[in-house]
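Presented sequentially are two complexes of chain A, the first with chain B as partner and the second with chain C.
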Partner chain A sequence: MSATESAVVSRFANWNAAIIAITVIVLIVAAASVDSFGTSQNFGFLVLDLLPIALVALPMTLVIVTGEIDLSVASTLGLSSAVMGYLWNANQPIETIIPLCLLLGAVLGAVNGFFVTVLGLPSLAVTIGTLALYRGLAFVVLGDSAVADFPTVYTDWVTGSIGGTPIPNVLIIIVVLAIVFGVILHATPIGRAVFAVGASEQAARFAGVRPGRVKFWLYVASGLISGLAGVLWTLRYSSARADNGAGLELAVVAAVLLGGVSIFGGKGALPGVIAGVVLLGSLQNALRLSDVSNEALNVVTGVLLIASVLGPNLVNRLRRT
Partner chain B sequence: MADALPLLRVREVSKSFGAVAAVRDVSFDLYGGEAHALVGENGAGKSTIVKMLAGVHRPDTGSIELDGTGQDLGTPADAKAAGIAVIYQEPTLFPDLSVAENIAMGRQPLGRFKTIDRAAMVRQAAQLFARLGVSIDPNRPARGLSIADQQLVEIAKALSADARVVVMDEPTAALTGVEVERLFAVARSLRDDGAALMFISHRFEEITALCERVTIMRDGRHVSTDLLTDITVDEMVRKMVGRDLGALFPKQDVAAGAVALKVRGLSRDPVFKDVSFDVRAGEIVALAGLVGSGRSEVVQSIFGVDPRDTGTVEVVGKTLKPGSPKQAMAAGVALVPEDRRQQGLLMELSIERNVTLPRSRSLSQLGFLTGNRERREAKEWTQKLKTKYGRLSDNVGTLSGGNQQKVVLAKWLATNPKVLIVDEPTRGIDVGTKAEVHRLMSSLAADGVAVLMVSSELPEVLGMADRVLVMREGRLVAELDRSEATEESVMFAATGQEATL
Partner chain C sequence: MTAVELPAPHRSSLDVVLRARELGIVLALGILVLVTTISNPRFLSGQSIRDILLNTAILAVLAVGQAVVVITRNIDLSVGSVLGLSAFTVGTLLQNDNLPVVLALLVGAGVGVVCGAVNGVIVRYGNVPALVVTLGTLYVYRGITYFWAGGQQINADELPAGFLDFGNATLLGVPYLVVIALLVLVITGVVLRNYRVGRELYAMGSSPQAARLAGIAVGRRTIGAFTVSGALAGLAGVLFAARFGTIDAAAGTGYELNVVAAVVVGGVAVFGGSGTVWGAALGALLLTTIGSALAVLEINQFWQQAIVGGLILLAIGADRLVAVRVAASLKKRGSHVSN
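And then the complex of A and B:
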């Protein structure tokens, strides 16, 4: 037993390093073989494409480490976008709308958290339910229409880059939030509690951790960040639509698992997740540049999701023989 | 009554995991019609031997012979086919299948259309139970059976597979006295039918009651095999630990100080009712009673992991609110829980994380943890308790039972408790570690810690406690002074009738 258990540990440790290495290789190969991949202009597009997945993957990592899941993130993003469009149509100032959309995201997350922690329902079922519910509400709010003409100061900032450099403005948001979530997970008592809850909720309780409280606030964080992703999505395309971000939850979960986080909870690290996001995003970007259709890109997400589970297993089996 | 030829021979088997040699050149024989005890401290290699017989591990060198022919036990199915059955401490039945279905798993009797003949299946299970002399309804689901009954189902399963070698790995650790007696009656009848029994236990009184022969292991090696008529318990202990132990229960006399834990009218329907007692600084108070009498529930309610309906808990004058382990910890209460694998430890996390989890907030600087202070603290406390481990970053699940228990103790002693509650502190750990744990509790009491100990082991209760509280069916029924507490008086209070032991 001890031998297999330590193999499991090193398997995760190694997978984290492996995924970072694979990501670097994919970036190099893509830059060498796809003509426009390595350009600074494409770098901007790549970061913008990565933006929603990267942001939502951060709280998702913590949620999955506790052994739960949040599948409602893309619908929260869509509802945030729809409400943003609705309020903008109602001539509200953008400075009021943005905080309201963030608050809305937090409330939607709190609803998930309430069902999972207070009522003790399984998060998979709850968030599949709110996935449908929040997306439905988005269509109730905005219907099939699209709202455009958001203030160019904001849309330009989201699509723009820092000074004369090719570094996109939104990269600042990603980096800052990645550091915040990375520090919370790996260097605070909250992070210790997150891992403890994922490893054994009962034993965590016996050590004074309040699993319900930890999970509740993670769902609020997940909703809040999804709301933010909805705002940024809307500003990037200057278009608020009820179907914005549909299906994004799949890519987010794929990136997190690809990053070496255990779907059973208790194990994972944020650097691996960042690598998973970059790998997924850059593969999609490179394929798009090579004229692969958007629909076919889903194949990539699916294959990567399976690879994320298969990869560590194969590595483990090879090491054993 | 042992046959002349051994039924099963273990010949010079060795097994290593990485650099660690778990078992080295061990040989012994099991005879049909004989019960054979295997004893040794935790980490002596007993579990590895069991796993080799069960087909979980294959020996690196050496052989296992049944009836003189070598066996290659590569999988548990091989072991089963060879007629070796293993009963574990915690049986693994399918909870939602019926008892009969569990027994017949993999060998279901078939009817005319190759469908399962349920009537025959139930009949066979009933016959097995009749033969074992136990009354379990074959039609009931396995879920909800007591551990003792689950073990009997496992034994019935072994019988139905015509097992000739039955290995029992610490089967009595979670059983009450009556259940142990019933298990032993079944084991004796198996033995008298010609099966070879291998019995692993830390309790010498059980070994002497059941077995004819004993093999002692230490550090992965075979020390001796003796007839139990030729060896005393003291000799066995010496051979196991390789040195003389001090007294097993070294409670020093300490003048009790002020009341540290004050419990009044604690109730939770229907588990316990109106429980009131005090524990003073420097005192060790034992909470005795049968399994299921509500002892663990009371201490878990005091600590706050379980709710309570009414009653108050005061720690050094501070009233604890119900349901808050966090507040209990802040007030200076520590609970070393009954079930170390489920409650005491996060098995998949490192030793370091386990030791420092309750203190992660107080170890942080400006809210941040860099890992250095945690590592230092974990190192300090595991060393104080003489815990044996490879690296602090190893999973705590890789440690032996005794060392796991030391990690749980380290984790709670690091919080510097005023009231230490220990629930079955020495369950399933070896004599050497047991003596260390007892010495530790005694020295903590001498330093003014109030210790409340739940224990099902009477010698431990009588040896360690200044006062014994006895619970029966959720109520506190007796409070016995050290001078009044005897096996008879405690058992009398716990069962409500004259002791028959």
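And then the complex of A and C:
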């Protein structure tokens, strides 16, 4: 293989760049071929649709980079939503409910972290367990009823946009948190510890990193953000239900892996993950506008999830030959 | 830290631990039945026991397949969706033709074989972790069923009487569904315990690298394990159709959680390399009994899922404790234990 060829292949093999390019192409194609895709109104819906995925994907990226996984995020979201509805029914002021739900999320994350880091149990099994446990508790709290009529000041803010612009308010939350997590992962000792733990836990320990502590706080962050996503989900639809967000973990994991994060840990970058989220979100949005059913959308998400790991592997194999 | 890695002299001590695990489930089951029966004697009526056994049969068939995969240090999250696809396929065929039951069982298992082989091939050749593959195919297989079914539902009155009879009929007092589950259980259990192929699966789960060095065809066995899990999920789909008679695209949604719970509660370690299908089947029986007991004790049904989650955590926590104890006691005796 000639030098230029291998340079082309290695540039293409840079999954991070590739995924951003693919995302841009999908956005252009969708805007050109789906009538209402490029409208400012649809932009607002698109951002709202990918809000929960985008938020939860941020801590999930860090968790997966350490070589662990958190499958309980959607259930944490659901339990946070259910508790929010329960407390609202109990006539608590929304100003106390929201911090409580965030705290609840952090506690649920800490439970995961405790099992994974203190007891040393495999995170896959633990978070499958808490996936069932938290969702089950959500149903215990709220049953199959729904709680509506949250204060319009809050619901309007979540669905509204900044001033007269088409930029949705919630985009501020996404951008701020993305910057926070991006800086933490790529520009602080914590971030370097996260990569070190993912690359080799033993080596990280010898280098003075405490893997258990890093992972524990990542699970707390994952729970906290999932709790926040639960609050925002509830306010967006003005409906607290125990089954809110069911199955969302698939989309989140798919977006993170699409973003070039290695499921084996140690590799990944946040810009790629953001691109992954946008790719997944806009693809789903465009297909929905083209009257494709939700179940069919799940086929797309499932295929993307597999392709996101299969793709880089095949590219690597190409590069080796 | 698994059975096959241990030097022979210590086999006995580990056997005791493993047996204690299965004894533990039996004990828990006994206490549960006792408490429930005291509060409501109808719990031990013929009809109630029959229902528990029939529901266990379906879950146990799934759990046996899952155990085979988990023993190789993989996981198959797509089983609920495979069950749904198989149930709908068989239901649609039976709507039009009066197929013999044996053929229906074969068709269902066939659908499962294809789904399982796809999982296995992607895991093997794509070098993609089983978790990712089967989480993906969970939605893909379910989506295919939805695509196909639309909002359509197959009702019991559209199915041939012979097939529905199969769901209720008994052989010497034992329902056919239970007979099939027992057959699956015994055959898989014996193969895993006494045959070369079975031991190779355990070896792979203990250490894939060592297994490869020992000349085991790890890739082929991986595909094989997923195919078995798929086939059994497909078979379970037919049993599901026969048992409930009503099939829509959502059949078996969320079953994967119960199946994984049954397997883990039954003492099959998620790290692979240890556990038995007997334990997995006992786990299935325990979970089903809990479900029935909740209804009889008039406890909110919504607790069931939370209990499943709690049991998973309890089981893996207990396994960990036992493993740590065994490792410590082996170390004390001066045997080599590497961690």
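One rule holds for everything that comes next: the second predicted complex is superposed on the first by the 303 of 321 C-alpha atoms of A that agree within 3 Å, B and C clash if a C-alpha of one lies under 4 Å from a C-alpha of the other, contacts with A are read in each partner's own complex, and residues count from 1 in each chain.
As a convention for this text, contacts are C-beta pairs under 8 Å (C-beta built on N, C-alpha and C of every residue); 3 or more make two chains touch, one makes a residue touch a chain.
All values reported here derive from a predicted model rather than from experimental measurement.
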item: Which superposed partner A:176 touches (first chain B, second chain C, both, neither); value: neither
item: Touched partner set for A:135, first chain B, second chain C, both or neither; value: second
item: Partner chain(s) touched by A:162 [first = chain B, second = chain C, both, neither]; value: neither
item: First (chain B), second (chain C), both or neither touched by A:120; value: second
item: Partner chain(s) touched by A:204 [first = chain B, second = chain C, both, neither]; value: first
item: Which superposed partner A:17 touches (first chain B, second chain C, both, neither); value: neither
item: Of chain C and chain B, partner touching more chain A residues; value: C
item: Residues of chain B touching chain A in the complex; value: 17-18, 303, 305, 325-326, 328-329, 335, 337, 342-349, 353, 356-358, 360-361, 364, 367-371, 394-395, 397-398, 411
item: Sites on chain A touched by chain B in the complex; value: 1-3, 5-6, 9, 183, 187-189, 191-193, 195-196, 199-200, 202-210, 266-267
item: Interfacial residue positions of chain A with respect to chain C in the complex; value: 69, 115, 119-122, 124-126, 128-137, 139-140, 143, 242, 247, 250, 253-254, 257, 263-264, 293, 295-296, 298-299, 301-303, 305-306, 309-310, 313-314
item: Partner chain A, residues of chain C touching it in the complex; value: 75, 122, 126-129, 131-133, 135-140, 142-144, 146-147, 249, 257, 260-261, 264, 270-271, 300, 302-310, 312-313, 316-317, 320
